[in-house]
Structures are given as structure tokens and as C-alpha cells.
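Below you'll find the structure, written out as C-alpha cells, and then a few comments.
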Amino acid sequence: MAGSTFGNIFQLTTWGESHGPGIGVVVDGCPAGLALSESDIQAFLDRRKPGSSRFTTQRKESDCVEILSGIFEGRTTGTPISMLVRNTSQKSSDYSDIASYYRPGHADYTFDQKYGFRDYRGGGRSSGRETIGRVAAGAIASKLLAELGITVTAYTQAIGDIEIPDIDRPMEMISIEEARSNPTGMPDRETSLRAEAYLKECMERLDSAGGIVTCRVSNMPAGIGEPVFEKLDANLAKAIMSIGAVKAFEIGDGVKVSSTNGSSNNDSFRMCGRKVTKATNHAGGILGGISDGSELILRAYFKPTPSIFQKQDTVNRDGENITIQIKGRHDPIIVPRAVVVVESMTAITILDMLLQNMTARVDNIKRFYGK
Amino acid sequence: MAGSTFGNIFQLTTWGESHGPGIGVVVDGCPAGLALSESDIQAFLDRRKPGSSRFTTQRKESDCVEILSGIFEGRTTGTPISMLVRNTSQKSSDYSDIASYYRPGHADYTFDQKYGFRDYRGGGRSSGRETIGRVAAGAIASKLLAELGITVTAYTQAIGDIEIPDIDRPMEMISIEEARSNPTGMPDRETSLRAEAYLKECMERLDSAGGIVTCRVSNMPAGIGEPVFEKLDANLAKAIMSIGAVKAFEIGDGVKVSSTNGSSNNDSFRMCGRKVTKATNHAGGILGGISDGSELILRAYFKPTPSIFQKQDTVNRDGENITIQIKGRHDPIIVPRAVVVVESMTAITILDMLLQNMTARVDNIKRFYGK
Amino acid sequence: MAGSTFGNIFQLTTWGESHGPGIGVVVDGCPAGLALSESDIQAFLDRRKPGSSRFTTQRKESDCVEILSGIFEGRTTGTPISMLVRNTSQKSSDYSDIASYYRPGHADYTFDQKYGFRDYRGGGRSSGRETIGRVAAGAIASKLLAELGITVTAYTQAIGDIEIPDIDRPMEMISIEEARSNPTGMPDRETSLRAEAYLKECMERLDSAGGIVTCRVSNMPAGIGEPVFEKLDANLAKAIMSIGAVKAFEIGDGVKVSSTNGSSNNDSFRMCGRKVTKATNHAGGILGGISDGSELILRAYFKPTPSIFQKQDTVNRDGENITIQIKGRHDPIIVPRAVVVVESMTAITILDMLLQNMTARVDNIKRFYGK
Amino acid sequence: MAGSTFGNIFQLTTWGESHGPGIGVVVDGCPAGLALSESDIQAFLDRRKPGSSRFTTQRKESDCVEILSGIFEGRTTGTPISMLVRNTSQKSSDYSDIASYYRPGHADYTFDQKYGFRDYRGGGRSSGRETIGRVAAGAIASKLLAELGITVTAYTQAIGDIEIPDIDRPMEMISIEEARSNPTGMPDRETSLRAEAYLKECMERLDSAGGIVTCRVSNMPAGIGEPVFEKLDANLAKAIMSIGAVKAFEIGDGVKVSSTNGSSNNDSFRMCGRKVTKATNHAGGILGGISDGSELILRAYFKPTPSIFQKQDTVNRDGENITIQIKGRHDPIIVPRAVVVVESMTAITILDMLLQNMTARVDNIKRFYGK
């Protein structure tokens, strides 16, 4: 309930501070028999690693994962998978000055209000490094989803006002290779270059930028999600909004639905051979909290990095108004490294609800137990 | 896990279908000693009642609540509070035609996919009547929050493209009396009249409209919310997105943050006497998932009512393409009646996290147990 | 967390006090498609009804159940099943004298310590009537287990020192008809008569008696239960110990294992045709928290009814030592009416863990989703 | 739900197999501000270490704990405390022969039935080493309870038929120093010597023995525990029964209550100055699931170690009847090393319910939030 655990069946518990000995996660409830190795995890972690471009902090974080349990002879055993990443490059001296005051846009003040004090080194538990545990668990969830034919893909849709063209184009027309190789995470070279120019300008102004991450799920079966409080979209909202710096969440047409009409927003059902399909997908793949078998589309809106190098007004722990200037190494934008975090949280949530769905019908239960 | 329960400490379990014997809720974990009567609940339920204007369905739903447990001599006892509203005006014949096909924008198809069949009368469990249980619980949460000096207020911000002016004006300049008396739920007479004209036009076109509900929390203490998965905003997102027809959620500046810069989005801390305040509130009262002591602001984006009277394409249970025309009584817009639902889910979530916060510090625990 | 909810997937929430308007339960997570009617529930409730013999209170409790939701055309829909039993024969005047003092062996004092006050009428929430909700849910769980070929049966093993012969005899040699027709709940006529004589003597002494309930589960599949904290026996222990008046729980040989040796306590595995069986069943059907496919056997030890008609020393709310003499109608023994409660809690727990087990293996999940 | 997590507020998640890289636990929800160091944890772990007498396995397990998160400047921060113990002395070759068959009394067969295969090295997840995580968490819980003046103490009551005299004597007459220094864990030198002779004899017979662990809690406040499913005794039962090899649990007079009468089993309330006390404590400190302010007493009944060196009948994975003879290093009795595990699980459960209790009353909540 202190909230370091997420999920009902596929359940992860993250731990660790930016400047402690390490960061990690325990994944409990991963089904037995999944082929899994450290390289599966490492591939995901490498996608959130800093230092890969000039828009991500130049800290050197090797972030090598060690699997401590739950695997035997290359397969998951059904018991908890504990994963550890040692913190190696953190220097507490970089952060000692922030012990005494509250950085605007950060959780310094709220942690002090809640706990009476805080581990002020590098954001402590509120550091972006907390997402290492999410991504390690997301790697497992994604691998299991792949076995079910389900693919979860996230990419950058916008940075500042610069948005990729035709945001609703079919997934087949989105180049994941572009998205993974461009420093912005955008699947469009030309837009990415413009976004890079904008970020460069932000950095020159000692400022930071926000952006939008889109996540899409292909081959989603119908019937996933529970009808009232555990709606698939409600759980996705919680999953995504629990990522630091996300301030808005939408599914399908999202905010736009408030200004449309029913006649244009309703998606007609149509037979496609013997399969029920929808002529459009304004709903983003969910009706009444339950997946409808069409593509799932969600968006996360990220605020600009709060750590900027301009002078800022704030207060210190002694209750005095002061002016500060943050130093150190900070990304001018959170979005590119957050893409894999959005993808991970989506995969985790979807897998968890796929598992929950297995007990929805008596006939399936009887079949499972051979009756 | 089937998802009819919400909350960790202040915990509600809703039940009931539109056309069954009744609708209800069990509230477990309500602290002992709160003065509570059926009239407290009824006042909230009356705010979601249909039939109060031409924009809400003309079905007569008396929705009288009966408290079945948990109250003794006018106060809560700490044991579960069970509340029952009998369904009185439902006529199944109105709905029998929809048994065979899937209404666009509704959960008919997804329920069939999940459960193999469905209670098709009036939307069954996906009916808007399910919110009766939420609102009854919300009435209790709001009353307890009031004892702590905390006020939760929701109102309509926009209907279609028609939005109240100056959406960020201080709460003191929002007329709740207007919001409660206007059929749109808007706190501004002139805008409400324009929205009414727009809705009238939608109805003439046999169409429906969407809108935006804003919810604000005054006097929120700092330190509420947990730092990782149980962030206050993450839980609010889940609470609000679990309301049928909500397609997007935002906190504070929400979607707008993606196109701003850190220098303008960061809220400076400033001393106000001996109190830490923020010069602005782009964050909407939450930093790092924890309340910062300033006003909480969130928005819910509602899609247009999916039940429209125009002809629509769809498929039937036999897998045939058909054209349907929905009959019956349906609101042309969900928003006005949903205002109290948003307010209720917000109050429930905030109260739950206020209770969770009480165990965050050893010194408080020692004081509680007299050490 | 206030604890009126039990179970993870098949989840019940009970509510209600002895002298409020009614008692009830909401069962969430019951799979869709189970044939269910009020008569299925009523048959179970009738087994716990008082007034059927001279050893149960002569209060007339009709205890008629009404199903308020979750059933459509005779089958469960997968949505919550709300059930209500109105309190009809309670007279508060019978209990008004106990408002001022604390009955020994009852929860009066502890409720006051916890909540500051209590609904003192008839034990309030701690009344045996609370078990109505458990039994109503147990009826559903038992019916679903029957569809899987699993049978849960409880009976009285002992009353005071009087025990049925050969307590470990095979289930085929236990007459359930006897157990259901004898006022003691014992499956042995002669022992039952001796126990009745003993109870008659207790009543003449204005005293009460305790006893033991045995519960056995036939046809239990192997592999049910989780290996660490959610062991099948751990959950059964919680389920049974949560029944008022139970002071001890054991599985298989239970307390006796502490004085045996490994050589006699270990159950040898033996092939029986192509099936793995055990030569003995000291373990009671569970190894390492997981069912081993043999019969499940557990026992619950009940204390004597605390309400006795002798004079007793106690204190009142003003902190004075007093002597009291309880009046009214009270069973001299809890056990016979508790048999169906033990059976219900066992069925609920087993069903819940059968459902949890369905996600343990990747191959099963792939098969479920057609891969 | 896979069950490696325990507790609602003070919540631990254990992970690790006997022969993997390590064993560990994440404690989430530990309140902020508790002074804590690795030596606090190590002192508890040392109490379960093998090799301290001839009755515990001669494997050398150094079991050094490393705290990886959640501590800053010597105090808990309120964020998860991750603790790691590396496995150092495990040799997989010792166990390779057990890959092919099912040891009687072990979880080999049930793991295979559940998961399709198992990590057979040293019992894998069902190894006694799993309790390292529980004990590490128990050390924290005990330290926090000590700050509240509450003491949890466990000791061996019986080994085989050999029981300490006067098992209900006051805690002041129990020598914890004896219990900690005697290899049996018994607080009585003479009885311990007799038990040692008995164990020596068991070992000579290549056999093993069971026993009873008693746990007592002093200074327990009244009002702790929830009245229905989350009764204090129900949660203690689950906690204790979740320890491998425990087959029965009792609170207070436990199994004996079934053969007493109400007149002797009821504990009279009596004023002791201005304090309500009980003349006796047959109830073991709990009434109606809620603590009554007197001493808590519970007992755990342990089966004999299933690993014995005699020849045993069993089956192999190919479905053949075989005879096996287990080799390696195995304790002839589980009890002495389990004492600290019982103590830990009790401390964890009590602390969790103490925290849950803080939200039971509106007046306390108002006081907490300054109203």
C-alpha cells in the first residue's frame, strides 16, 4: 500500500534510490516456463540508458542487470524474479547543495512534508532511475506477450509543438527503426531533425521541453479488462500516470472526444469475413473498459524536465525565500528515455489483465480442469 | 480483482444492473464516529438523478437510498455501510430489441466476448446507473473530508466547443450555485445558455455531445500520496478513467505541459508568512505523486453519449452487417449528470490516500500509541 | 482492509449487524455461466438456521435470501452477486441491558477499545448472524466446485470430550445423512446421543460446551496453492480462524505431528496404475503449501458459547466491578450451526485458489489464448 | 497474488531459491524515521543460522545481509528497504540426484504438478532458506514494535513428547537467556537436556523429530485487529501456517477449548486500579478478533524434518515405484531454527495490524490532521 508494488497477478515491486547501492525489482507471479535470460532484460534497459545522445544526460550509467532468482535452466520457474542493477557512477557531492532547499517542479518539498526528511541525493526515490525496475519487468512482460502474438510499441509523437505528421496513420506505416535510432524517439526523420533543433535551442536558453509519447498494442484479444473499477483503460491510466512527469493520459481520441458528436465518435461494427471489426477506432480499442479486439492506442503527456539551469526562485528548509541555480547533468527533455518506460508499463498492465481474464467464465475453468 | 471494489482503506464495492432488483454499494473501512444519515446520501444521489432538465432522460428514477448497516444512533460504527437503491421504473421491453445486436460505442460486444453472454437490459452492469453506488460512497467521503476542512467541487467546464471563460480563475470566483442550478452544470449563466442551445441543436440532429468536467480540491494538506505506483495523481487517474465515457484525464496544466518549457512550467516556491506556497500552480497541486498543499485541479474528458437516434451500421450476434436505429430515452449528453460522479470518485480517492498517509512516520505512530 | 472482504479472485464482502435492517454479502468475481437460483443459496442458509433443535436458540429466524444482482436468465453473468437477508425477529429490548457492561468471552470490550463505542444490540457485527453472508457465498462456491467434481463436506467430530469413533476413517464410511439429521452434526448416531445427553447436562448447569468440526475435500486436483505466503493451508487457516469462536486450526495430523518422527509422518508416494498416490495422508493433502491430489482434511476447534446463564464477574463502562447474569436465548454450543460455516469458508478458499492457479504456467496461458 | 508478498501496510516480498545467487526481501511501507542498520538485521539472521549445534545442519552459511535501499543517514526513509543475502556455501552436486524423484514430505511433487518442472536444487523456493527474508523483515518489525514498548518472544515449548514444565507460567518466569543459549531453543535447562538426548537418539535411528514453538507478545495495546475476516488471530494463523512444516496453529488455550465449558473458559473482566484487566487469559489476548490488552499467546506445531536418512518408498518422474535414501546435511529437527521465524512472522503481523488500526476512528483522524 506504500505503493512500490504494481499489478494483481503479474506483480512487480520496485526499490532503490538514485544514490544508494543499487536499484531493483522483484517480479512475482510470472508464469513458469518462459525462456528468459539477462540479455532479454538488458536489451530493454539499454533503451533507457543515458548518454546516447546530446539530449540525454552525459552521466555514465552502465546499468548492468543481474538476475538473482526465479530462473532455472533458462526458464522462469513461477517463483519471484529478483533483478538488481548496481548504482555505479553516482557522486553524492554533485547533489549536496540541494539538501537545504526545495527545487521547483521536484518532489523535494512534498517528500519532506510526508516523511519529515528525505534522501536528497539525486532525487532519491523520485529519481528517474526508479524506472529501471519498471523497464526490467516490462522486458519480461513484453516477452510473454510476444508469445501470445501481442506487440506493444511506444514512440515519441511530439516534442514541444513539433509533432510527427498524421499521428493516426496505421502502425504499418510507423518506422520503429527510425524511432529507435533517432535521438528524439520519433519515427520520422524529418520531424526528428526539427525537434532536435528545437531542443538545441532550449538548451542554449538553459531551458527544457516537454512532449508526447504514443503507445500502441497490436493483436490485442477482445474481452480483456474488467467492467467497473478495473477497466483496462483505468488501469492503463494509473500505470502511465504513475510515471514521473506525466500530467495527462488519453485513450483513443482522448481529449478530442469532448468536442465531437456521437454520430462521428461512435465506431461502427462491420464484419470482415467472419470476424467482427470496427470501421474506425475513435475508442482506441476499449469499450466499457474491455478491449474490443482492435488496436489499443494511448498517449502520455510529459512535462518539461524540471531541472533547468536558469536562476529560479524557491524557499529553503529554514523558510527563507532564495534564488537558486541548479548544476549538474540533466536531460533537457524526459521523453526520449521515457518511451521504453511507457511501453513497459503498458505491457505490464496488459499482461496482468490478460491473466485476470482467464477466470471470467465457468466453461473455461471446467475445460482447464479437465471437466 | 473482478473489479467491483475500489480503494485500500476506505473501500467501496458496487453491485447491480440497470434492470435487476436494485443497485447498491458496500462501504467498508469508513472510520467510526461520523454523523451520517440517509439524507446525507440522498442529497448526493439527487444531483445525479435524471429528469431534472430536457437534456437528461425523462425516465422517472426516484432512486431512494436505504442504509442497511453500519450506522448506530446516527453515527458510523466502523463496520461496513451497505446502501441499497431499488430499481423502480425500468421496463425491460424498452430494451429487448438490443439483445441481438451490438450498439456502436457501447460495451455490448465486449461483454459478449468476455463472458459469453450479457444482461442486455439497459446496459446491464455498464449502465450509468452503476454510478449510484459511487455517488452514495462519495457522499460519505465528502462528509468526512468536510470534517477535515477539505472541499471537493466539480462542475462542467465545456460542452462541445463551448467553454466557460477563464477556466483557471480562482475557486472563489466560481459560482457553485450557478453550476448546481444550470441544466448544463456550468458555473456561468451565459455560457450555459449557449451550451443549451448547442445541445438543443444536437438533439434536433438526433445526435449527442461530449464535454469536460473540472474538479478542484481546496484545503488539501501537503504530503498525501505515495511516491511510486500509488501516486495521488495516478490513483485519481484510475478513479476518473473508471467512470464510463471518460477518455482522457489530466492534472493541473495537463496536456498543455507537453508544449511548454521548464522555465514557465515550474512553480516557484515562495514563503507566505510562515507557510510555504507556490507562486503558480501548473502542477495542479501534486509534485512527485504527493500533494504539495496547493489546490488540486483535475479534468475529465467525456465522449458524447453513444446512444443516438440516427441510423447506425453495426453487426448482430449472428455475424451479419445490419443497420439499426436506437429508441428509448437517452440523455444527449452525459456530462451534467456525471459532475457529481467525478466529484465522488475524487473525494473517495483523496480520503483513501489521506488515511494511508497516517502511517508514514514513526514519530506519528509513537504519538498515536502514546509513546 | 477493514476486513469485510475475503478472497482474491472469488471475493466476498459481508456486511450487516444482528439488529440492523439486514445482513448480506456481495460476491464479486464469480465466473459467468453458473446456473444459480435463490433456492441454491437458501438450502445452505437453512443448514445454519436456529430453532431446529433444543440445542440451538429458539429465536425464530426465517432468513430468506433475496438475490439482488448478478444473475440473468438463471445464470451468473460474471458481475457481482448481491444477496440480502432481512433481519426480522430481532428485539432490541432483549439486549438493552448489555449496553453498559462487557460480557466475558465476547467482543464488547474490544469493540469499545477500537471504535470508541459499539452497536451493542445482539453482538452487532460480531453476532453469529454475520456468518449468513459467508454461507450464502459458500453455497455459490460449493456449486461451482461441484461442476469441477470437487466436494467439500464438514461435520462435527467432537462435542466436549465426546468424539466420534475412528476419526480418520475414509470419507465413504462417513454418513452425511446422519450428520445432517442429528442435532449435533455428528455422522454417528450413538455418539450423537451421548453428546446430546452431555449438552442437556451443560444446559442444566447453565453452562455451555465446545467442540471440533472436521472438513474434508474430495477430488482435489494437485497443484493448488502458492508456495510461500499464499499456501493453501495458510489461507485455509485464515479462513477458518476468521470464524468467531475458533481458537485452533490444524491440517492433516495437525497438533499430533509435533510428537511423531519423520519416518512415520512422511507419506510415501506410490503409483496406483498411472496415477501418483500416497500410501498414507498424514499431511492432509498439502505439501509445501500446494495440494498433492489426495484428500484435504482440516479441523477447527471451537470454544464454548461465551453467553452462559450463570452469574459472572465483569466490569461496566464506568470502570466498576460488577456481577452479571446474561438472559435471552443462546445456543449452549456453537458447533452444530457452525458446520456449514466451516464448509463454506473451506469451499470459498479452495475455489479462490483454484482460480489463482490457472495462470501458473505459460503453456496453459498460450493454450487459453489460442497460441 | 503468487504469494511472495505478505502484509497490507508493512509489506514484505521475499524472493530467492536455496541454490540461486541469493535470497532476499523487499520491505515496503516501513514508516520513516526508524534508526536501522545492518547489524539490527544480522542479529536476527544469526539466530536462524545453521551450524550452531549438532542438531542443526553443519553447512556453513555465513548469511551476511546487505541493505540495498531505504536507509539514509541511519534511518528508514519510508521507501522500500531491499535486503540481500548471497548464497555462498551451496553445492548443487549434493542435490542432483533428487532431480528425478519425489522426496516424501517435501514439495517436489506438488511443484512439478503446479509448474511443470522445478528448481530441484536444495528445495529451491521451498527451502528453509526462504525464511531468511522473513527474519530480516521481522528484525525491522521487532525494532519498531520495541519503540512502541511491545515485545515479541518465541521459544521452544516441546520437542517430541518432551515439554517444558508449566507451559502457561508468566513470561517473567521464562528465561530467554536459556532459550537463546540452549541448542533446543527451550527456556529450561533440564528439559532441554532431555530433549537433546531424545534428538541424539532420533539421529542414531536416522530419524527426525517435531515440536512446538510458543510465541508471546507483551504490552499489546487493546483494539488491534479487524472484526471479520482480518481478525488478529486469523492473520496470525495465516502468518504462522505459511511457515513450512507448521501443521497446526492455536491461540490461547487453543485445541483445549473444545473440551471445556463456558464457565471455565470465559475470562472475567476485573478492574486493576483504573485499568480493565482479565482475571485469566484463556482467550490468549484476543476477543472477537481484536486484542484485549492482555498478553498474546500462540503456538505453532511443527512436523518432523521430512529429510531423513532411512530408506523410503517413493516414485520417480517416470512413474516408477522406487526406494531412495536421502544424503546430505539435514537438521534432525526444524524447531530450534524456526523459533526466530515464528517470532518474526508474529512481529510482522502485529505491526501491520497496529498500523491498520490507526484509521479506525474519525476523532483520531481529525486529531492527526490538526482539526
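The letters A, B, C and D name the chains in turn, as written, and every chain counts its residues from 1.
Keep in mind that, in the parts below, contacts are C-beta pairs under 8 Å (C-beta built on N, C-alpha and C of every residue); 3 or more make two chains touch, one makes a residue touch a chain.
Source: prediction; values computed, not measured.
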| item | value |
| --- | --- |
| B-C against C-D, pair bridged by the larger set of C-beta contacts | C-D |
| Matching chain pair for B-D (criterion: over half of the contact pairs shared, by residue number), options A-D, A-B or A-C | A-C |
| Distance between the centres, which are taken as Cα means, of chain C and chain A, whole angstrom | 45 |
| Approximate Å spacing (C-alpha centroids) for the pair chain B, chain C | 38 |
| Averaged-CA centre spacing for the pair chain D and chain C, given as whole angstrom | 26 |
| Residues of chain A whose C-beta touches two or more other chains | 1-5, 8-9, 14, 29, 32-33, 78-79, 114-116, 125, 227, 356, 360-361, 363 |
| Complex interface listing, chain A residues touching chain C | 1, 8-9, 29, 31-34, 76, 78-79, 144, 147-149, 221, 227, 354-356, 358-366, 368-369, 371 |
| For the chain B and chain A complex, residues of the former touching the latter | 1-6, 8-9, 14, 102, 104-107, 109-111, 113-116, 125-126, 130, 158, 160-161, 202, 205-212, 222-231, 233-242, 244, 247-255, 257-263, 265-271, 274, 276, 279, 283-284, 286-293, 301-308, 310, 312-315, 319-321, 356-357, 360-361, 363 |
| Chain D residues touching chain A - in the complex, by the definition given at the top | 1-5, 8-9, 11, 13-17, 20-24, 26, 28-30, 32-33, 66-72, 75, 77-82, 84, 114-119, 124-125 |
